[in-house]
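The first chain written gets the first letter, and so on, giving A, B and C; residue counts start at 1 in each chain.
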Amino acid sequence: MEAVRVAGVSKVFNQGAVNQVDALVDIDLDVRKGEFVSLIGPSGCGKSTLLRLIADLIQPTTGEVTVNGKSAHQARLDQDYGMAFQQSGLFDWRTVERNIELPLELKGWDKPKRRARSAEMLTLVKLTEFSQHMPWQLSGGMQQRVAIARALAAHPELLLMDEPFGALDEMTREHMQAELLRICRETGTTVVFVTHSIPEAVYLADRVVVMSPRPGRITATVDVGLGRDRNELTREATEFYDRVTEVREALRGTHVGDVVAGLEDR
Amino acid sequence: MFPLAFVFVAGLWEAYKSVGPEAGGKVLGIRLLPRTADRAMPHVWDMTSRLGRPEVRGGTEAIWQVVAAATWYSFRVALVAFVIGALLGIGVAVLMARFKVIERAVMPYLVVSQTVPIIVLGPLIIGLMAYGSRDLVSKTWIAAIILGVFLAFFPVAVATLRGLQSTPPASLELMESLAAPWWRTLVKLRFPAAIPFIAPALRLAGAAAVVGVVVAEISLGVPGGVGRLILSYGQDASSDPPKLYTAVFGAAVLGLAMALLVVAIDRQLMRRHPPEAT
Amino acid sequence: MKFTARVRSSLAVILPPIVLGVVFIALWQAWVEIKDVQPFVIPKPSAIIDALREDPDLVVKASVVTGVNALVGLVLGSVIGFVAAVLTNRYRLVGDLVNPLAVTVAAVPAVVIVGVLNNMYALDSQIGRRLMVTIAVFFIVFVQVAKGLRHNNPTQMELMDSYAATPRQVLLRVRIPNTMPFLFTAIRTAAPIAVIIALVSEYFGGTQDGLGSKISGTLNGSNKALGFAYVVGGSIVGLLFFAGSSLLEYLVVPWQRRRVHG
């Protein structure tokens, strides 16, 4: 059973109206358990829409989304996934610890269980000393780590992330990417990760799904194949650059031969 | 939605009058409910019809004409006070922005003015003015203007200063790189950038000017003003209750007219600015 | 070196207003002396200080009366305004009805409204005055909290959606806490107004033991020095309210002081 299965899905906004938008057309995507999949594409390609369809925050116009063998709707009700956004969305009025406990509170866990779990998550994201801090006392990167801890608090099997590192500077970003990989390896979580950044997509994922806009669809899939043990050296490896180039070309919609021909035409 | 709101209030008023206690009532031992006798709460119809009848028995002018004339008078006075107060406020703020010493010296008093009930100084200013010049005593409307200016000045000064000081640093650096002198920068950059701060303060200043003028008119009985009407009709309140309310309508119209004016000014000033998130 | 630099910069900040204030008072005193202004026109600063020192209890007692009225009205108006805004958030109609009223009440000079209510209530008790303050504060708080409730942080709303949270959970855990900055800013704005209304409501007769009646009584009479002493008392009350509400805002919503412009 796949962790996520998207079958024949399309999403149309404002159907029939003058501002109708074909956000997604004919999407088929399977994500295996424990797999890390990146979604990448230019603005308007529908990658965030696809993520929200998986999360059941919006519903497909046609087709079906299944998560863990259930409908996406049921999966949301059963809280089978955790989600992280570009803004950390932390509650300013709660401590870091209580922010992480939020999904557990909503599930009705009692206090000792919640405290124990949030302590566990804080250790996981290496922020134990900050448990009593307030979000506005933390840096952007740290806030996102708390958001990830919160997303994983209920030990979901699936993690959905919408450009969570988009607002961070490059150095912090790379550091956060390494941390995220470590955490996901340790917990064995399946991840669907939306990003704008080609190196980020390649560094993190087992598979990079390339999308293009108007209408939004999947144009290519690149198997990264860099193995599970990635580190800073990976970023400097030749295979890494090759994959990045492959993704870049897929985004451009061209192959090497076409590029040379194109140059001659100019 | 405005007319509906007023109908609603009128409805509430009459509804309460029909069920409420004549001499006022107690809730949990506290005298909470207002008196419903016609003397205290005239019927809505009585109040509106009173507008059509003459001011004094046997007089020729309907009272609404008297009230309208007084309202117009007070409006002009308040308008002058508003304009003077606003200009003074902006002027002082510019000086404070230019000379840090002036800013440091005056700022605490500006802040205090926003928190302290300066309206209580009304009688004092009026008294001072009377001392200042004998013939000013007869021109009591000047006192009204002074009080209106006094109250309108402070919010404008505070807000303008804040606006002038909140120019984006990147834009300031641009002007510096273009070797623009301070006053040029003021006119071309700081001032336009401060408009979103000044516009809401102008609303407050308009209302403050009205309050100042009305308070002065009531305390001094400024002839021709709506405050004077409230004063004299109030004295007739026991024999002719709706009369007072006609003057109150006038004051309400005065306040609303000023509010409409400052909102229009606000819109005009802000028409080129991006819509605020709030 | 660092110490003197710091002293110098603190002095640069503190001195100018103090100098301005001292010069102003000195000029005032001098002008009254030189021009031999009669004390019933405008008192000397020294006379004011004398009046204050002679019988501080007078001023304090009056200040307490007015201050308590303002405080009761501020608390009640804020609570009722907040609850009303939360309850009516569901029904747009109520907001649409109250907003024009709020605008009107804000536009009409407070003095006039107080006068009208005086007619209905016979403000001879403190109750009427407290009610006045409550009403004024209510409108301010209601409008601001209603506005705050309409602001929804989209990320937090999506997050709660992903938790399949009920609307009640969303209201309690996200929307109301997000309104706190608006509430406390509104209270800070309303605090000085509460004091003003409490003062003005005393102009219309009734028990004469509050600051407002004392001020109008003495400033219109001959003992202007005492009147000024009362004005000083009133200013202190105003400052206390402002300081108190600012402190409250700082303590409860430390992450967003002054989010809204004025």
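Following the convention adopted for this analysis, contacts are C-beta pairs under 8 Å (C-beta built on N, C-alpha and C of every residue); 3 or more make two chains touch, one makes a residue touch a chain.
Just so it is clear, the structure is predicted and the values come from calculations on it, not from any experiment.
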>> Per-chain Cα mean versus the mean over all protein Cα atoms: which chain has them closest together?
In response: C
> What chain pair has the highest count of contacting C-beta pairs?
Replying inline: B-C
> Using C-alpha centroids, which chain lies at the maximum separation from chain A?
Replying inline: B
> CA centre of chain A versus CA centre of chain B: separation in Å?
Replying inline: 56
> How many angstrom between the C-alpha centroids of chain C and chain A?
Replying inline: 49
> What is the distance in Å between the mean C-alpha positions of chain B and chain C?
Replying inline: 17
>> Which positions in chain C are in touch with at least two other chains?
In response: none
>> I need the residues of chain B touching at least two other chains; which ones are they?
In response: none
> chain C touches which residues of chain B in the complex?
Replying inline: 1-2, 4-6, 8-9, 24, 30-32, 34-35, 40-41, 101-102, 104-109, 112, 114-117, 119-121, 123-124, 127-128, 130-131, 159, 196-197, 200-201, 204, 207, 210-211, 214-215, 218-219, 230, 234, 237, 241, 244-245, 248, 251-252, 254-256, 258-259, 278
> Of all residues in chain C, which touch chain B in the complex?
Replying inline: 12-13, 15-17, 19-21, 37, 41-42, 96-101, 103-104, 106-112, 115-117, 119-122, 125, 127, 131, 147, 151, 191-192, 195-196, 199-200, 211-212, 215-216, 219-220, 224, 227-228, 231, 234-235, 238-239, 241-242, 260-262
> Mind pulling up the chain A residues that touch chain C in the complex?
Replying inline: 55, 57, 76-77, 79, 81-83, 85-89, 91-93, 102-103, 105-106, 134-136
> What residues on chain C touch chain A, complex-wise?
Replying inline: 153, 155-156, 158-159, 161-165, 169, 173-174, 177, 180, 253-256
